[in-house]
Amino acid sequence: MSSRFRASLALLAVATLALAACDREERHSRAKPMGETVPAGTSPDTIWPGGTVPQTLDPRAKLYDNNAPAISQGQSLYSQMNCGGCHSHGGGGMGPALMDDEWRYGGRIDQIATSIAEGRPNGMPSWRSKLTEDQIWQLAAYVRSMSGQPSKDAVNSRADAMSATAPQTLTPRETVQTSDTAEQ
Amino acid sequence: MTELERVRAEDQRLAKERQRIARDGPKLTGAKLEARLERTWRRPPGILGWLATVDHKEIGRRYIITALLFLALGGMLSLAMRLQLAQPDSNLISPQRYNELFTMHGSTMMFLFAVPVMEGVAVFIIPLMLGTRSTAFPRLNAFSYYMYLFGGLLLWVAFLLNIGPDIGWFAYTPLSGPQFSPGKRADIWAQMITFTEVSALAAAVVLICTILKARAPGMTLARMPLFAWAMLVVAVMIVFSMPSIALCSGMLISDRLVGTQFYNHYEHGDALLWQHLFWFFGHPEVYIIFLPATGFVSVITETFCRRPIFAYPVVVLALISTGILAFGLWVHHMFATGLPRVGYSFYTSASMTVAIPTGLQIFCWLATMWDGRPRFQVPMLYVVGFIVTFVIGGLSGVIIASVPLDLQLHDTYFIVAHFHYVLIGGAVFPLLGILTYWFPKITGRMMSETLGKIGFWMLFLGFQLAFFPMHFAGLLGMPRRVYTYPAGLGLELPNLLSTIGAFVVATAVGLFVVNGLYSLYRGAIAPPNPWEASTLEWATTSPPPPYNFAHVPVVDSKTPLWDAEGELPVVTGLRVDEKETLLTTVVAASPDLREPVPAASLWPLILSIAVAVFFISSIFSPWAVLFGSIPCAIAAAAWFWPKELNRNPEPVIT
Amino acid sequence: MILEPRFTGDVADLPTHKFGPGSLTWWGIIGFMVIEGTFFALAFAAYFFLMGHEQGWPPEARQAPNLLWGTLFLIVILLSEIPNTMIKKAAHERDVPAIRALMPVIIGIGGVLLIIRGFEFNNLNCRWTDDAYSSIVWAILFLHTTHILTDWGDTVVLWFLMMTDVGWEGRRLVDTDENCMYWRYVWLLWIPVYLLVYWVPRL
Amino acid sequence: MSIQHYQSIFGNAATEVRQFNTLFVIFLVVCAVMYVAVIAFLIAGIARRRRAAEANTVEEGRHHESDPAMRTGLIAWGAVVGTGLVALAIASFVADRSMANAAAHEKLSITVTGNQWWWDVQYNAADNSKMVRTANELHLPVGVPVRIMLKSNDVIHSFWVPSLAGKQDLIPGRDTDITITPQKVGIYRGQCAEYCGAEHAKMALVVDVDSYPDFIKWWQHQLQTAPKPTTPLALAGYNYVTSRNCSACHAIAGTPASATVGPDLTHLASRRTLAASMPMSEGNLYGWVADPQSIKPGTKMPTIGLEPNELHAVVAYLETLK
C-alpha cells in the first residue's frame, strides 16, 4: 500500500466526519418542554412596517424549519385539527390560501407560529390552549412547505391520501413577498 | 485503388504478420513460457493499475474481503441489539436508534455480505475450477465489484450521518412510503438496493457466460464440478429474481420523489403490491445465498471423503429443481395478510415440496461420507456442523410452511431462530469451511488447524446457545423487531442466553479472522494441492499466476486430478504476446474460439463513479435522472472504444 | 508438484470470432435481454395486479391514451426493421461500406422514434401523480424509452467505430450483428407494451 | 397492581389455538423423527470409517463404484421424506379447513382499528346507542364466537393474542378479519406483530375473557357517560381536560371533549393498561400525563408541560373516569 494510497484513505475519513454535521433528519422528540412559546402577552407579532430592522429569528426556528420529521408531523396535525376546513389543501376557502406568496401576517416560521398560537382577526382561532408549542411549530413548518419554502429533500412528495395538490417535492419555491420587508 | 482492394492488401500483410506470432506449445513451454505469459497478463503497476485490474482473482479477493468487513460491521450491530434485549424494559438504546440498528443489520447481512461473498468466491474459483484463464467480460466483473462497494459505502456513510434507514430490511409500505418515513432514510435504503442489484446482475451474467462458454475442453456438462452447477443455477436465479426488487424499489423511490401512487390505496394503489414484488425476489434471494453453500459442501465432502459425490445426477437435478421451485413459494411470507385461504394451501404444499430436493442432497452427502473415508480437518468439521444445524432450520421451515402454524409463529422470534439456522447454519458454516479449504489457493499459505478447530467448536456451541432459545422466545409470544419487552412474560431467560451466545459467536468469528490474518504471514507455505483434491484449481500453483494455466488443461472425467497419472493433458496454440483464452461449445465443451481477453482499464471504475453520482443525486432531484445519465453514456462509450485503432492480424470469417 | 503437461492438440488456427451462439458477447446480450424481459414481465404483472382491484379500468373513467402517436410509433419502429435486417446481412458479408451507409438511416429513425415518444408522453391523458394506473403506465413507457435510448446510443457509438479502419475487423462485424439482434428485441418488446398501454384500457 | 399477563402460544384459551397445539405437536414429532434419522446416518458415516487404514488417496478415488445398497437407500430416503411431507401437508389442510368452518357463525362483531402505536376498539351493535368505544382492551364473553374486523388508519399492524388465535394483519385499504371463540376465562396479553414504526414494541393490548353475565355488566357500564366530578380538585381537572389540550385529541362521553384523534377516555380508569404498554396505576398515570415522550419517545401524544397543580387536578379527574 503506497503512502499516496494511505493519504487518500485519511482524506476520505476526514471528509466523512465533516459531513456528520447535517441533522436534517434528527427526530427531536424532546422530553422536556422548552419554556414559553411565542412571547405571551405582547400584541400579535409586531409587523415591521417600512424599513425597521425585523425581529431576530427565534432560535427554535432551525429545529423545525427544514426538519423532515417535523414537517411530516405537521402534515398529520393539519388533517387531524381540520385546518383544511377553512384553508382546504392550502388553496384557501373561508381562510386565506397558504400555498401562494401572500402573507398578511408574515411568512417566516416564527410569524406563522404566532398566527397559529394567537389566532388572527377574521376567524383564525387561537390554538395556544389546544396545541403545545411543539405542535404549533410543526404545523408552522408544514404550512411553509405548502408554498415550497423548505428545501426539497425535507418535504415528502405525497400523503397517503387522495392526491389534492402537486407533489411538494416538485412545487417551485414561491418568493415570499410579505406586506413588510421581513427577510427570509 | 478502391477501398476494397486496399483492405484486401491489408489482409494479405496481416496474414503474413500472423505467422510470426509467438504461441505456447511443445517448443515454447516451461519457465520461458511462464515468464512471457507473466509479462503479458501482469497487472499494470501502481495505484491506477490496482484500480484498473480486470484479473478475476484480484476482484474475487476484493469481493471476499469487503463482504467479510460488512459481516463484521453487521455483527457489531447485532451485538448492540442483543445488549439492548439482554433484559426487559431496558433503555440502553433509544427506539429510533434500535430501529436503525436492526434495519442496518438485516440489510447489511442480506445485501452487503451474503450474496456478494458467494459471488466473490465464485468469481475467484470458477475460472480456476473450469480450467480457463479468465472469466467472460472481466471489465464487467470489475464494474460489478465497484457498484457493490459504492452501494455499501452509501448505506454505511448515511448510517453514520444519522440518516440511515429505520424501516426494516424488507421496508413494507406504507411505513416506508412518503408519509410515514419522512426525509431521505428510506430512499437511501432503496438506492442501496439499486446498487447491489446492478452489481449482482452483472456478476450473474459474467458467471453464466463463463460457465457455459469457457470450460476446459472435454469438460462436458456431465463432468462439470458440482460447485459450478450450483453457481450456474444461482446466476440464473439472480437474473430472474433481482429485477423484481429493482422494480419495486424503483417504484418506492418514485413514490417518494415525484409522487407516483403505486402504494397509495387512496389512489387505487395497493400496499401489498410491494410485498408481492419484494418477496418474489426475497425467497429466491435466500436460495441464492443457500445454493452456493450446497456447492461448497459438495466440494469439501468430495475431497475430505476421498471419493466422488454419490449420485452426481441426483444432486444436479436437486440443484435445478430447488432453483425452479424457489420462485413458486413467495406468498408463504404473507400468510397473515388476509389473502384467500385456498391460495395459501397451494403455497403450503409448494413450501413443503422445496424441502425434498434439499433432503436428497443431504442424503447424497451423508452417503458420500458413509461410503468414503472421511478426514475431519477443519473444512469437514464445518460440513458436519452444517448438517447438524441446517437440518434443524430446514425442519422449522417445514413447520412454518403450514398456514395455521405460521399464523401463530409468523413475525415472532421463532422465525428469527429459523432463518438464522438456515442462513448461518446453511450458508456461513459452509462459507467458513470453504474459506479454510481455498485459503491456500487464494493466498499460498495454510490456515492453522488448531486455531481452526477451536474456532469451529466455539462458533458451533455459541450458535446453539444464541439461537436455540429464540425458538422459545417466539413461542412465548415475543414479536420480531421490538426494541424492548415487558418483564413477567417469561422472556427474560431466553433473551439473556441469546445475548451471551451472540458474544460467543462474535469471538468465534473474530478468532477465524485472527487465524486468517496470522496465517497470511506465518502460515505454512501451501503446495499446489495440499488437500489432494480432484478439481482443476489444484492443478496450478498457490496462489495462481495471473494467467492461471500455462497451457489450457483437457478433462476427460469428473475428477481430473485423481485420474491424471502423473501428467495433465493440455492443448496449446494460444498467443503469448496478447491476453487470449479458449472458448468451448456449451454442451460438449469442444474447442470453439480463441477469445482475446480485454486489457486492464480504468473505465469500469470511472463508469461506476458516474453511475454512483447518477444514483445518489437522483435521490434528491428527478432532474438528476436526465443530467446524470450523460456522463454515464460518455464513460460507457469510452469503455467500449478500442484502445488503439489498428487492426489485429486475425483472418475475418464471413 | 505441478503435473507435467502432455500435449494433446493445438488450437492455433481456431477463429477469434463467430456469428451467433458461438460468440461470447452473444451470450452476454442474451443475458441482458432476459433481465430486461423479466423487468417488463414484472411491470406487466404489477399493471394487471393493480387492474384486478378496480371495477372500472382506467379508474374514475379516465380517458385511455390517444391512439395516434402510439400507433405511429409502432409503424415507424416496425419499418426500422428493414434497414436493420440489411445491416445484419451486410455484417455477415463483411460489406462495411453498406454498413457505414445504412447505420445513419437507423440512427435517424431512432431519433424520429424518440421525438414521437415525446408526443406519446403528452397524449397519455394522465399525469403520473394522478393515480396508480397513471403511475404504472408512465413507468412502463419510461422503461421502454430507456430501452430505446440505450440501444440508440450504442448504435451511434458503433457507427463511429465502423467508420474507422477497425470496422473491417471480424469482431466489429460480430458487434454490428448483435446490435441488430438487440434492436430487433427492442421493437419485439414494443408490441406487448403497445397493446397493454393503448388497448387494454379500451377493452 | 402488577398484572402478570399470559402471552404464550400455549395459553390454550380458545378453539383456534387448541387446534394449533395439536397440529404443532404432530409437526414436532414427525420433524424430530426425521432429524434423528439424519443425525443417526451422520454418526454412522463418521464412526464407520474411523478404523480404515490410510490407503493411497489418488488410487482410491478413481475406481470407486458405490455399492447398490446406497442406491436403494437414496430411493427409500426420498420416499420417506416425500410421504412425511405429504402427511404434514394433509394435517395442515385439515386443521386449516376446520378453523375456517368454525368462523362461519359468529354472534358478536367488533371493529379494531390500528393506529400508530395504539388499538381503537369499537363494539358494533344493531343500534348506535349500544355502540361501545374503548382502546387497547377487549372484553369477550367466554364460549361465544366473535368476529373482529381489522382496519388500519396508517401503516400495516398485526393483531395477535397468542393464547387465543393466530395473527392477522391490519392493512390500510384492505378489510381483513379474524374469528375467536374463547373457552377459558382469564386475562390474555397480545401485541402488534408487524413492525409499524418507532413504538412498535409498545403497542400491546389485553383481552379479558369474562363469563357472559360479567360481560353484559361490563357492556352496560361502558354505555354510561362519564360521571360528573365531585371534589374541587377533580372539578379543576375537568375544566382543564375539557377546555385545554386534552380535548383537542381525546373524547369523553358526556363532556365537551369529543375529538377522535386519540383514544376514548370515557372509562379510562376501568381499563387494565395505560398507553398500550403499562399496567394502569396512579403512578403510571402521573408519569404518562406529565411526560409521555420520555415513556414512549416518538409517540403522537405531546409533552404539554403541565404545572404541578394542573397535573394533580388532571390526574384526579382522570381517576374518576371509572
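Note that the chains are named A, B, C and D in the order they appear, and that numbering of residues resets to 1 at the start of each chain.
Assume a residue touches a chain if its C-beta (ideal position, glycine included) is under 8 Å from a C-beta of that chain, and two chains touch if they have at least 3 such contacts.
Quantities reported herein were computed from a predicted structural model and do not represent experimental measurements.
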- line: If you tally C-beta contacts across A-D and across A-C, the winner is A-D
Field: Computed distance of Cα centres, chain D from chain A, in Å
entry: 38
Rounded Å distance, chain A centre to chain C centre (Cα mean): 47
Rounded Å distance, chain C centre to chain D centre (Cα mean): 51
Message: So the centre of each chain is just the mean of its C-alpha atoms; given that, what is the distance between chain B and chain D in Å?
response: 38
- request: Send over the residues of chain D in touch with two or more other chains.
  value: 154, 172, 198, 297-298
Statement: Multi-partner residues in chain C (2 or more other chains touched) are 129-131
- prompt: Tell me, which residues of chain B touch at least two other chains?
  reply: 96, 174, 179-180, 255, 258-259, 261, 264-267, 270, 561
Message: Touching pairs of chains, all of them, please.
response: A-B, A-C, A-D, B-C, B-D
Chain A-facing residues of chain D, complex: 154, 172, 198, 243-245, 247-249, 261, 291, 293-294, 297-298, 300, 302-305
Message: Applying the document's contact rule, which stretches of chain C touch chain A when the two form their complex?
response: 129-131
Message: Under the definition above, what is the set of chain D residues touching chain B in their complex?
response: 2, 4-5, 7-10, 17, 19-20, 23-24, 27-28, 31, 34-35, 38-39, 41-42, 44-46, 48-49, 52, 55, 57-58, 60-62, 64, 66-67, 70-71, 73-74, 77-78, 81-82, 85-86, 88-89, 91-93, 95-96, 99-100, 116, 150, 154-156, 158, 160, 162-163, 165-169, 171-177, 189-202, 204, 277, 297-298
Interfacial residue positions of chain A with respect to chain B in the complex: 2, 4-5, 16, 19-20, 22-27, 68-69, 71-72, 75-76, 152-154, 156-163, 166-167, 169-170
- line: Given the complex, residues on chain A that touch chain C span 158, 163, 166-167
